[in-house]
Amino acid sequence: DTSGKRIALSNNYAGNSWRQAMLGSWEKVAGQAVTDGVVAEAPAFTTAENQVTEQAAQIQNMILQGYDAIVINAASPDALNGAVKQACDAGIVVVSFDGIVTEPCAYRIAVDFKAMGKVEVDYLATRIDGGNLLEIRGLAGVFVDDEISAGIHEGVAEHSQFKIVGSVHGDWAQDVAQKAVAGILPSLPDIAAVVTQGGDGYGAAQAFAAAGRPTPLIVMGNRYDEMLWWKEQKDANGYETMSVSIAPGVGTLAFWVAQMILDGKDVPQDLTVPFLTVTQDTLEDSLAGTQPGGVANVEYSLEDAMAAIAGK
Amino acid sequence: MTFVKTLSQKAWIWSFVGMFAVWLATAVYTGGKGSADVLTAALSFATFTVIVGIGQMFVITTGPGNVDLSIPSTISLSGAVAMKIMDGSNAMLAIGFAASMGCGVAVGIFNYILIRVLRIPPIIATLSSSFLILSSAIAYGRGLKIKPPPLLADFTTAQIMGIPVLAIVIILLAAVMGVVLNRTMYGRSVLAIGQNMRAAWLAGINVERIRFFTYLLSAVLAALCGFLLSGFSGGASLNMGQEYLLASIAVVVIGGTSVAGGKANVAGIWGAAMFMFLLVTMLNTFGASAGIRLIMTGLIIVAVITIAGGDEPQR
Amino acid sequence: MLAKLTSPRFLRAALPAASFTILLLAIFYVQPRAMSYFGMNLMLQYTVPIALATIAQMFIITVNDLDLSIGAFVGLTACIGATLLADTPVLGVLALAACVAAYAAMGALIHWRNLPSIVVTLGMSFVWLGIAVLVLPTPGGTAPGWVKSIMALKVPYVPFPIVAAVVIGCVVHVVLMRSSYGVVLRGAGGNPKAIGRAGWSLLKTKMVMFGAAGFFGVLSGLSLIGLTSAADAHIADRYTLYAIAGVILGGGEFVGGRVSPIGAVIGALTLALTGSFLTFLRISPDWQIGAQGGILILVLALRALINRREG
Amino acid sequence: MNASDKTIVSLTHVAKHFGAVRALDGVDLTVTAGECLGLVGHNGAGKSTLMNVLAGTLSADKGTISVHGHDLSGRYSVSTAGENGIRCVFQELSLCPNLSVAENARIFHPSLTGFGWKRRAGDMIHAKLDEIFPGHGITPDDVVADLSIGKRQMVEIARAFTTTNAPLHLVILDEPTSSLDAVTSGQLLDFVRKVVGSGISCILISHVLGEVLNYADRIVVMKDGLVVASKPGSDFTRDTLVAAMGNVVEVEEIKDHQAFEAKRGQTEIVIEARSDTALDSVPLVAHRGEIIGLAGLASHGQTTMLLKIYDAAMRNKRTPKVDGPVALVAGDRQTDGVFHLWSISRNVGVRSLRRMVKRGLIDPLAEAALGREWQERIKIKTPDMDDNILSLSGGNQQKALFARALASDADIILMDDPMRGVDIGTKLEVYDLIRDEAAQGRTFLWYTTEMDELYNCDHTYVFRDGAIVADLTRDALSEEKILQSSFQESA
């Protein structure tokens, strides 16, 4: 019985659509759980700045407030370990997801970002014979960026018909990506496809259009605007691509995992969740299920969570 | 020769020199491929930096300690509000624009109240208000990504002979602002306040009214940037203003405006904004690793400013 | 006595401390558990590196410059600390010393060409970040054991962060505000020409101040990894703004060499505490970011009251 | 050899050019031990430039400089000057405003270090202040920014005379009395005589010729970058000195000049103000077209009163009553006056911008014309009004500020000891200008530390401790009366 337990979400950033969708899912699922009396409290906390030290301080404040479990989307995989360890030492269950922490005492709900990168190239190999690729990366020096990029490069090494002719940092932001692509595009040869990390596909499409270049095959990242654009293209000229990203609802999985641990259930320390893929066929459904400005999402119920764990 | 010499003493000329050098380096590397298109792209993107840069310039010119850190969140809020109100319909364009300007005015007034009535140092006042503004944007739109009205999208992306229409408009705006700075009472007052606030007051300048207009102008231009930017990039997003925080300050200062206040230059903002864009483009084209790219970016900025040199020391 | 306590200058000096105290009391009110050795320790731990970075920024502001690179620099020193310093201590120490020297050189360059420090430091922030990314391409590394044990120090009765803050504030106060060379350094901010006319080298004062800033930047980076035990190139990006805000919150001014080391430390603590206060309140996630701004404004509005009295 | 024993410094053929301006055009100057050398000359004659060369802050383009018989040309700097016991109190103050009085003293003495330096520095400067300016009211812990300009000047002067282990042979005083009132000026000059008696030399620059005539052993007259006369002080009279300076203006004794009829009552009241102290014996009243003097010892509330009136006018406050637009001539030109990035023309024009607007834009031709007009009228010595304001000599900067106020549309002109550092020739012309303007209906409020100037005023209000203690009409005005009111203890 966890009806007296309190679970807090420590979130390091709220300034983009993915995070907003994540917070929305949390509020919906965890809020329902509180109403249903499954847990006593499940507030979400966001730091004003995406900053390790602020989040560490936030976690410490949560320790002080005596939460039973802390669910974390971390600003850094290693740099929060100090605070996480303190939480564990205080007997608090720590579950990290998306931005996971490496501290051994914490639970991790990880996405295999490397595989995500590789899937993109694998998909391209099924679609086109080969050609030049443009890679849009995330924020330099951040772990996720390196992982996805490594996966992409691994894929390219496997499929030697592809060649990455340009690589820019789009910081996972649509407008930054648009700017970076617009700058490098004039000097690039014909681009067959664009591999992305999510949140930047629409910006790339805009940049190609603005430069008057033929639209290449752009791998999308499940954002509403990306899917909407894709849909328009699909209806207009049968444009075909794929879209892949981690679902913001994974936060709710983390919530249930924390709840189960508090409930005394046996949960493995490391879980891997599949990333969410939208294909040509599922596009309409995904689009319909996503609210404007959001991200294609899957929210977990307790049963889903149990299934996810059992499936492991 | 004397022409070259007087020109080289103008701080702003160096931003153009830097811009040209970087562009040339890129062109040489790519064998001239797409060099003209790169300039077009640079013009399109520099436009937005210039809009906020102009506002930031006036603020910075009013003296040390004056800087507007709320520009990024004002961009986000204005974009979100305008997009939601217009909801992709051309008919609502004017109303959306008015709402966006309204955001700017509100932010400007709010900032000024913090600075004036609550006497909070401007840098902290605008930092605090930026948090509040961002929260408003979140609460209002939750990162809503609504497409801009086609008319707005077309206008912001239109080109005439490879020159973005918006860039032409903003070049005109910059020219007007240059005149405002140098040839109007308001501009003169800003320059005077920046040199010595007390002396300005004693010379009959209504210091507080001028400061109010300056913060208002900065916020309104940020709002305008948000409006146009969301038209240009196909919708508003919460983090779309983020990169303009440092960029707005950087282009102002690289463009020859003195952080000590009292000395400003509008033309330099254009040079600096183009320079910053082309610099990133050059390094992207060279394809160096992220670390090397960052180091090169920094060193080139420092090199340009070092060659330009600082102000002549006064007697 | 009473006259002295109500004099404007005393009030102005006491302002940062008053803001801090009120914020602390508010926190104790909403979360009584914070009012304990353990609680204070937890709540204030992460303010130590921020305080050090703020002091670094203060040195630069003293000589009328502004450092937009301190955050990136702290990140770099953290990365060096978690890699080189841990693996090959000699090399690590040398690298950190080179960082301090690079800062001093930056000061020399700014003086020599009379450059706007904002642009130079902005440029250098990319350089620091770039080097950090090269040193530590993905987050990780481990802090040297001794750094960790220093930061985990348990002082009886008084929580370590408070001891650290007092020590930092007092040491810098003595060096900058009390020592005879400190006078020259501050004077170089107040009226550089007068200092030059009195026969002092302005180049030297700039280099000393930037060097000192670099040194405290290194301390900040090391204390940070002492807490986090691992590093990340972006670990301290936000310190740049926080440090500036902390100095100003602590009663410093952008020009004229008017700074207060103790005020700056308190300013840094105040800024950090606003975040904590927020966690103790229940606010809808939408408004949490805004609430932090709101709290800052409330704390600062107090100053308006006191300033009013000043007339 | 014997001669050079007594010579402290000698400069020969020193020249210094700033662009086209020949500030110094081949100057010879020697200072011997134990003499007070008076240095006079019109604004922009090159006095400050010469002193800067002597202090090592400017290096001469040509010429030699030797100290105690050693030729130091080419390697002369601030520190060599200091090592050789040469100190300078510059015309524009050189204190650090953010530091305390004691700390500013420390800046001057590299050897003041180690434990307890602050107390030693404080004692040292305090003792020197006591010695020169008894009753100065300054404590070593005072922050300089909080001090009035007069007190700052006192601190700087006292600092120049303090000694630690470095020798002290020569103190240069560049217009030391410009911000001091009559009493403190007297204290300083008496002290200078005393110091000179002990073998230390002083160079005294002043535009108040009486000071130089009465206190200098030898007087050197400069004109347009050249030394035109150098004779024992007793060889000059006021008239011959003025003549040597090259002023064509007949020196009229101001006291005799006036034939003021009492205007009071004929025109309406435009200003009525009281101080904040509630101890005023009378309110300050000004009728249109009057010249009102504010007297008393320095910083006894005169500037505060001017600012209060200015503030009321700017914000349309009800009290104090101010009727009409005001303009202010700042006395502390560094902090209250000049815009250091601007040209002279712009500095003059800033108060009159509204008039220069044509079709919404400031007309640069009108601005330049205004600048030229006032360069002419008030004789601002510069080759080009588009040059930076700081290229002007101190007195000429002050004239530019004067021009700013007079050129404006203001009916009421507030003057905060506006003649600081203005030469005698110009002063007399400005007095005429002021009287003419007053005759045309402008009202002047004139705070001055120079007794003589008060004879231009219709009414003089004497201030003490922030309160108005006396209202003297032109007829009743006398130096004794003012001093008496300034010192009289309130019963």
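First chain written, first letter: the chains are A, B, C and D, and each begins at residue 1.
Operating definition for what follows: a contact is a pair of C-beta atoms (placed from the backbone, for glycine too) under 8 Å apart; a residue touches a chain by one contact, two chains touch by 3 or more.
Owing to the predicted nature of the structure, the values given are computational and were not obtained by experimental measurement.
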| item | value |
| --- | --- |
| Pair joined by the larger number of C-beta contacts - A-C, B-D | A-C |
| Between chain A and chain D, centroid-to-centroid distance (C-alpha), Å | 71 |
| Inter-chain centre distance, chain A versus chain B - centres from mean C-alpha coordinates, in Å | 32 |
| Euclidean distance of C-alpha centroids - chain B vs chain D, Å | 45 |
| Of all residues in chain C, the ones touching two or more other chains | 129, 132-133, 137, 288-289, 292-293 |
| Set of chain B residues in contact with two or more other chains | 131, 134, 138, 142, 290-291, 293-294 |
| In contact (per the touch rule at the top): chain pairs | A-B, A-C, B-C, B-D, C-D |
| Interface residues, chain B side, partner chain A - complex | 26, 29-30, 33-38, 41-42, 44-45, 131, 134, 138, 141-147, 157, 229, 233-235, 237-240, 242-243, 277-278, 280-281, 284-285, 287, 290-291, 293-294 |
| Interface residues, chain A side, partner chain C - complex | 11, 14, 23, 27, 43-54, 56-58, 60-66, 76-83, 86, 102, 139-143, 146 |
| Chain B-facing residues of chain A, complex | 14-17, 20-21, 24, 48, 137, 140-141, 166-169, 171, 173-176, 178-180, 182-188, 202-203, 206, 209-211, 223-225, 228-229, 292-294 |
| Residues on chain D engaged by chain B in the complex (per definition of touch) | 310, 314, 327-328, 330, 335-342, 350-351, 353-354, 357, 360-362, 364, 388, 390-391, 404, 408, 410 |
| Parts of chain C lying in touch with chain D, wherever the complex brings them together | 9, 178, 180-181, 183-184, 186-187, 189-191, 193-200, 256-258 |
